[in-house]
Amino acid sequence: MGYQLEAESDAGREFVSRCEAHGADFEARADAHDRDGTFPVENFEEMKVSGVMRAAVPEEFGGLGVASIRDLAIGLNRLGRADGSTAIALNMHLSTCWVSARLHRGEVEQGESTGMGSFLALLGGGLVVMANATEPGTDNIHPLTELSRVDGHWELRGRKSFGTLSPVADLFLVTCRCREGGHDVRAFAFVTRGTPGMDIRDNWDALGMRASGSHDIVYDGCIVPDTQVRISETPWGVQSAEEFTIGSAGTLGLVAAFLGIAERAAELAVDMVRTRTKAPDDRPLAERAGVQHLAAENEIDLAVCRALLDRTGRLLDAALVARPVADDDPVELQRLFTEFQSAKHVVNRKAIEVVDRALTLSGGVGYLSKSPLARLYRDVRAGPFMQPLSPNEAPAYIGKVALGIETDGYS
Amino acid sequence: MGYQLEAESDAGREFVSRCEAHGADFEARADAHDRDGTFPVENFEEMKVSGVMRAAVPEEFGGLGVASIRDLAIGLNRLGRADGSTAIALNMHLSTCWVSARLHRGEVEQGESTGMGSFLALLGGGLVVMANATEPGTDNIHPLTELSRVDGHWELRGRKSFGTLSPVADLFLVTCRCREGGHDVRAFAFVTRGTPGMDIRDNWDALGMRASGSHDIVYDGCIVPDTQVRISETPWGVQSAEEFTIGSAGTLGLVAAFLGIAERAAELAVDMVRTRTKAPDDRPLAERAGVQHLAAENEIDLAVCRALLDRTGRLLDAALVARPVADDDPVELQRLFTEFQSAKHVVNRKAIEVVDRALTLSGGVGYLSKSPLARLYRDVRAGPFMQPLSPNEAPAYIGKVALGIETDGYS
Amino acid sequence: MGYQLEAESDAGREFVSRCEAHGADFEARADAHDRDGTFPVENFEEMKVSGVMRAAVPEEFGGLGVASIRDLAIGLNRLGRADGSTAIALNMHLSTCWVSARLHRGEVEQGESTGMGSFLALLGGGLVVMANATEPGTDNIHPLTELSRVDGHWELRGRKSFGTLSPVADLFLVTCRCREGGHDVRAFAFVTRGTPGMDIRDNWDALGMRASGSHDIVYDGCIVPDTQVRISETPWGVQSAEEFTIGSAGTLGLVAAFLGIAERAAELAVDMVRTRTKAPDDRPLAERAGVQHLAAENEIDLAVCRALLDRTGRLLDAALVARPVADDDPVELQRLFTEFQSAKHVVNRKAIEVVDRALTLSGGVGYLSKSPLARLYRDVRAGPFMQPLSPNEAPAYIGKVALGIETDGYS
Amino acid sequence: MGYQLEAESDAGREFVSRCEAHGADFEARADAHDRDGTFPVENFEEMKVSGVMRAAVPEEFGGLGVASIRDLAIGLNRLGRADGSTAIALNMHLSTCWVSARLHRGEVEQGESTGMGSFLALLGGGLVVMANATEPGTDNIHPLTELSRVDGHWELRGRKSFGTLSPVADLFLVTCRCREGGHDVRAFAFVTRGTPGMDIRDNWDALGMRASGSHDIVYDGCIVPDTQVRISETPWGVQSAEEFTIGSAGTLGLVAAFLGIAERAAELAVDMVRTRTKAPDDRPLAERAGVQHLAAENEIDLAVCRALLDRTGRLLDAALVARPVADDDPVELQRLFTEFQSAKHVVNRKAIEVVDRALTLSGGVGYLSKSPLARLYRDVRAGPFMQPLSPNEAPAYIGKVALGIETDGYS
């Protein structure tokens, strides 16, 4: 089945190995959680124990110290093979850890001390954090959730959707709009689970990724301590350097998880056609030309997906990990973001096609609810919805950047 | 939304109109039956009343007298828009009616009288019949279900799968193998519902088409009256003229039903993007270039599908309806069958792609279980599994016929 | 090789038969004209004799009386198989004849008499006319060629490109802009060959369609008699009913010609793989699975193309031929035009893909200049450039129409 | 335009830089050589001077010492942008140099001394060598050119086709069959230019790559000195470890050259739509949604191609450059070869699609012979014909390997 992606840093290899060790258990639970729409809490407990949850936290704060975005994505790739829901929920946490570790590195490089260290210590100690960005009726750079000053404290009002990981998250990093300074800027509120006014709706019921706990979350006048608010200088509606970074490095792991789903489906299909036979000759289906052709198309598409992840991961690592944080260049970040969007666009699509062919190869068996292929087919379809930039938006964005035309990515 | 297919015969127009009249009710029930995996018995009761069930029965036997395969398919297309499960289950019955009516026409043309008339009278009177062909581990021309002579009567043993329509069928047309004459031939047993030894397993639970009642059916020593057995002269394992006919004309309606699913999904998506708005400008999504591009791709693919169904329907009608039955030419029937396979291959695939784009256009909303798009996405995926010739087999078959190389279609 | 398209009217069948009769001779000359970039004058002489040039002229004016757009396209399909350049050049003439005949029919239906009859008599007598619309730097609805009143007569100034058929045309139907009434309107000037100021540049030298004589034509102050000018009421820059008609019915034959090129290439490839053998087994290449798969893809794509042409032709005939001309409805004409654009978009693309696969099947031989496949590959690539609406514009147009958004098709 | 591929070794960077320095001159000559079908002898003279011809020769023998297959391919990628014919002709030489240098490394690792050093010294001194493998009517592992013992010397008889680089090659590495030992084995004859009985037919005349000098070469009883013959132990008709190596590492540069053609076409198209305007608004075409969509598709496809080349190059370098030659494992070599075939299959196809879109974006101008796009369109189509494994064979091969079914790749 071709050459799978391999981590290249020592910490990354260790991380990938631990992710692989979870595989059999996670996969064994996946169908039941999918059927019942339950969140695999036990998976996250086990990943706390194994250290997978602390992967992106620097070693000095108790983590595995994986700095490479590429290597993190490869671990998520392995988890995606076992259970897509777990993988995408984990990324909500890991990407926030990675961003925090990078901010900390920037502080250290500058000789600053702004306290990212204490946050990383919490993450190293087991705190589960999740990004909570998506909202109905708008896009990532135009959050409608409002952070406003009321009676001397910060108050948060709005509704988020697709709140993946919410069943076990301790802290919610909520993107919002702040109009306090007379002009609209982006802001972030870190809301502790259980804060009055926060309502996790427990209403996730979807075609796939049914175990991801992607509930709606309503913030109805939550009071957020000043220390847990960050007002950025980025005007509302502008793609900032930070968004370019999170929107590429922070979501590479999602793309890798969808590749994992496709890899698993392709593997199951190969196993089926090598062992299943058919009358009248009762020879394995694998000997038939049509089956070989479809198997080849899967092999080719997986090669394409792996290559795109490999290269994009290297480009991101070169720009965001190997260089001083202060060297971040918004123009290059947009270029990287655009390159990443190409990879995401292709991998998410081809992953769907690979699972689709696996279904075809299964000859009808895979269409039955009891087949893991049926779950994989539903799960993999979530890929193109992942933010930022869906197939509704990505080509226009990529085309404009290629042609030197300004764009905010959404209209 | 382009030009939909329209019936051309008077009987066909009447049939299509009655199918359309069922649409709203069937669609209103579809999501609940899908969720619960229940068979829409009430739909079939209503179609008995409306005459839709008797569409392919000649008027003299109480039917609507639709002889055109193309027009029958167009009615199924309309039902497919409302509920795919109902449409494909109905085709199991309608195609058998059409084949029977054609056999009767052949008898009349030859001045014969073999009794198809009395069978058509039963169908005109409300009898529900279904073809029961598919088996695990083999293909349509190599049935492993055995019909054998035991103690002076015919006994049937075997296991069928994908027994769509089984919850309400009165009579099961079971394809089987008969070795009585010293060599293996194809045979057909008409098994009355409730015959001892027949076990409808009530076990259909699949990704989609969940309301189609496609249960496994086990025949464990069913005694079949001599009058309900037909031993053909076609050797086991050979594609007969009859199979070419059933495998094309008899399944065009299935393809049309899947087009219906795609048309409905595309329509829902258009409605969504025309009414839904997004921050910051709160203009309809339909104004965005990326959305327009995807809508165009759907429009173009639907035009392709309709054209293929239109033309294939005309070719089938010209060969199988407009000419005397006795003029059937096996060589031309294979050519027609091959042309039909091309149409089926493309339409089933493009129908999936259209629903997929509708999901994309929905922006995540369509991925929620409550959206009809989620059901349409699961239902439409059943298309390529429909027999005869799946995507595992069709290209090799079509290629061989194009190159003048002999093939039985499966190996 | 599947079911080719067949004419359905008597006149159409006669026309197609005469086109087929030219095939062998035209194909025999095609490679030489392609190599030398010469116009096949002799083909047009022979088509004058055979009556093919007068196909769309009513019988009363000496023509074959083919009214069906679909049947005309099928004749061009046959010529496309022999020589694409001849086919597209002929369409320049035939489409103008068809439009003229339709205008005449409208006059007759209204009891009018505007003189289209005398023009048809000229066409029936052998006059060769060509549309001359395309210009560099603009599109069909924004012609920059100016018709203006100077010293009491009409004067024409501008530059046209892609003047296919110009080597033998007697009369040039030049689309232009007229600003005389104080506002810009579309106008048509019928310029007789040899008019002073008209310069056919004899500069056509392209990748393919090298025998089509598609020279630039410069009109540098040509004086056009008042009787040969038609000022329309359509504002400059508006898609008129007339443009919808010409842009669909008038160019269906081009699409059919490109299908013919693809059919011929596919046929040559099948012949090659059935006869060519390879070591070590020296069996025909047609027996190899990969070859069969590619042959199937060609067969499937040809079925798609034929179905689209068949259906679009029927829709056009139903709206533009079977009904009174006065019933023309601009809204329906746009819908038809849009449906036609879908067909054009797919057929032009798939025709390229079919020839490409034929090259692949040829195993390198087809890449040599001496192979007709090399010419077919270059010729077929012209398809997507044909006006109106190239792949740069068609999806956006189709999407907007599907979504109910106003568009002029170009921006 | 995304991130181009960059060499990673010092020698590789130097090589790529020198290749880039040739670009402008080579591109300036390309159209004339293409039109006239002449070989760009001056390019090869200049590459002798610049050292590009000696790139793969170790420094100790006077070369640049580029060992990385990936870096060599990247240099050819740059040349491909300027002139595809030059790039593929150069690869005929460079790949043979690389294989020779690797054989030498193996000897050194083993402490052997078989004389590869002296051959490398010749290459370092300016000798031009070319592989001469392709034959009509057979494939690479079944050469029909015979090497036989006649009158105490070796005699060569056979006909080779597609003899790219033949106009300037000094030495021809001819693959052949030798039956002397009683069983058929593969053999190699190194034939010096001008050897009696060798006839370079000077007959290359093709759709594209017209400047590549890919003439037929006939060996009609050439006497080959014993020192210039190598009889291998690989039976005729078997894929050997050597063939896996040459068929992957030895042809990666070809794939990279075709990517270069696509990159150049995409760049030309971007330039055109950014500068060309159209009535009525006279805004750059780049502002149109349809144009942006096509530009995005090119950008995405180029990202796919670059990623595949990058990853495949790394995999090849890891297995064939970073490890001792003696560690070569035939099983892994086949796996690598298969992975390479996936990359080749996709890149060659997507390169064609990119150039095709560039033509579309050019709006007709690119179809004119004077446009470099017309040449690029013809040149890029040669890609899929490159051996080993064309699209007629590659999917079946890849599918079989994925399914664990034995195959020799051709039947």
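Note that the chains take the letters A, B, C and D in the order they are written out, and that residue 1 is the start of every chain.
To be clear about the criterion, contacts are C-beta pairs under 8 Å (C-beta built on N, C-alpha and C of every residue); 3 or more make two chains touch, one makes a residue touch a chain.
Note that the structure is a prediction, hence the values are computed from the model and not measured.
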Next on the checklist: Applying the document's contact definition, name the chain pair with more C-beta pairs in contact, B-D or A-B.
Outcome noted: A-B
Next on the checklist: The B-C interface: which of A-D, A-C or B-D repeats it, judged by over half of the contact pairs being the same residue numbers?
Outcome noted: A-D
Checklist entry - With chain centres defined as C-alpha means, what is the inter-centre distance between subunit A and subunit B in Å? => result 41
Checklist outcome for this item: So, in whole Å, the Cα centroid of subunit B is separated from that of subunit D by 51
Next on the checklist: Give me the residue numbers in subunit A that touch at least two other chains, ranges are fine.
Outcome noted: 289, 291-294, 394-396
Next on the checklist: Tell me the shape of the graph of touching chains, choosing from line, ring, star, complete and other.
Outcome noted: complete
Checklist entry - In the complex of these two chains, what residues of subunit D are touching subunit B? => result 289, 292-293
Checklist entry - Which of the residues in subunit B come into contact with subunit C in the complex? => result 1-3, 270, 273-274, 286-287, 289, 291-300, 303-304, 306-308, 310-312, 314-315, 335, 338-339, 342-343, 345-346, 394-405
Checklist outcome for this item: Note: in the complex, subunit B contacts subunit A through residues 134, 137-139, 142, 144, 161-162, 205-208, 237, 276-281, 285, 288-291, 293-294, 352, 356, 359-361, 363-364, 367-370, 374, 377-378, 381-382, 384-385, 390-396, 410-411
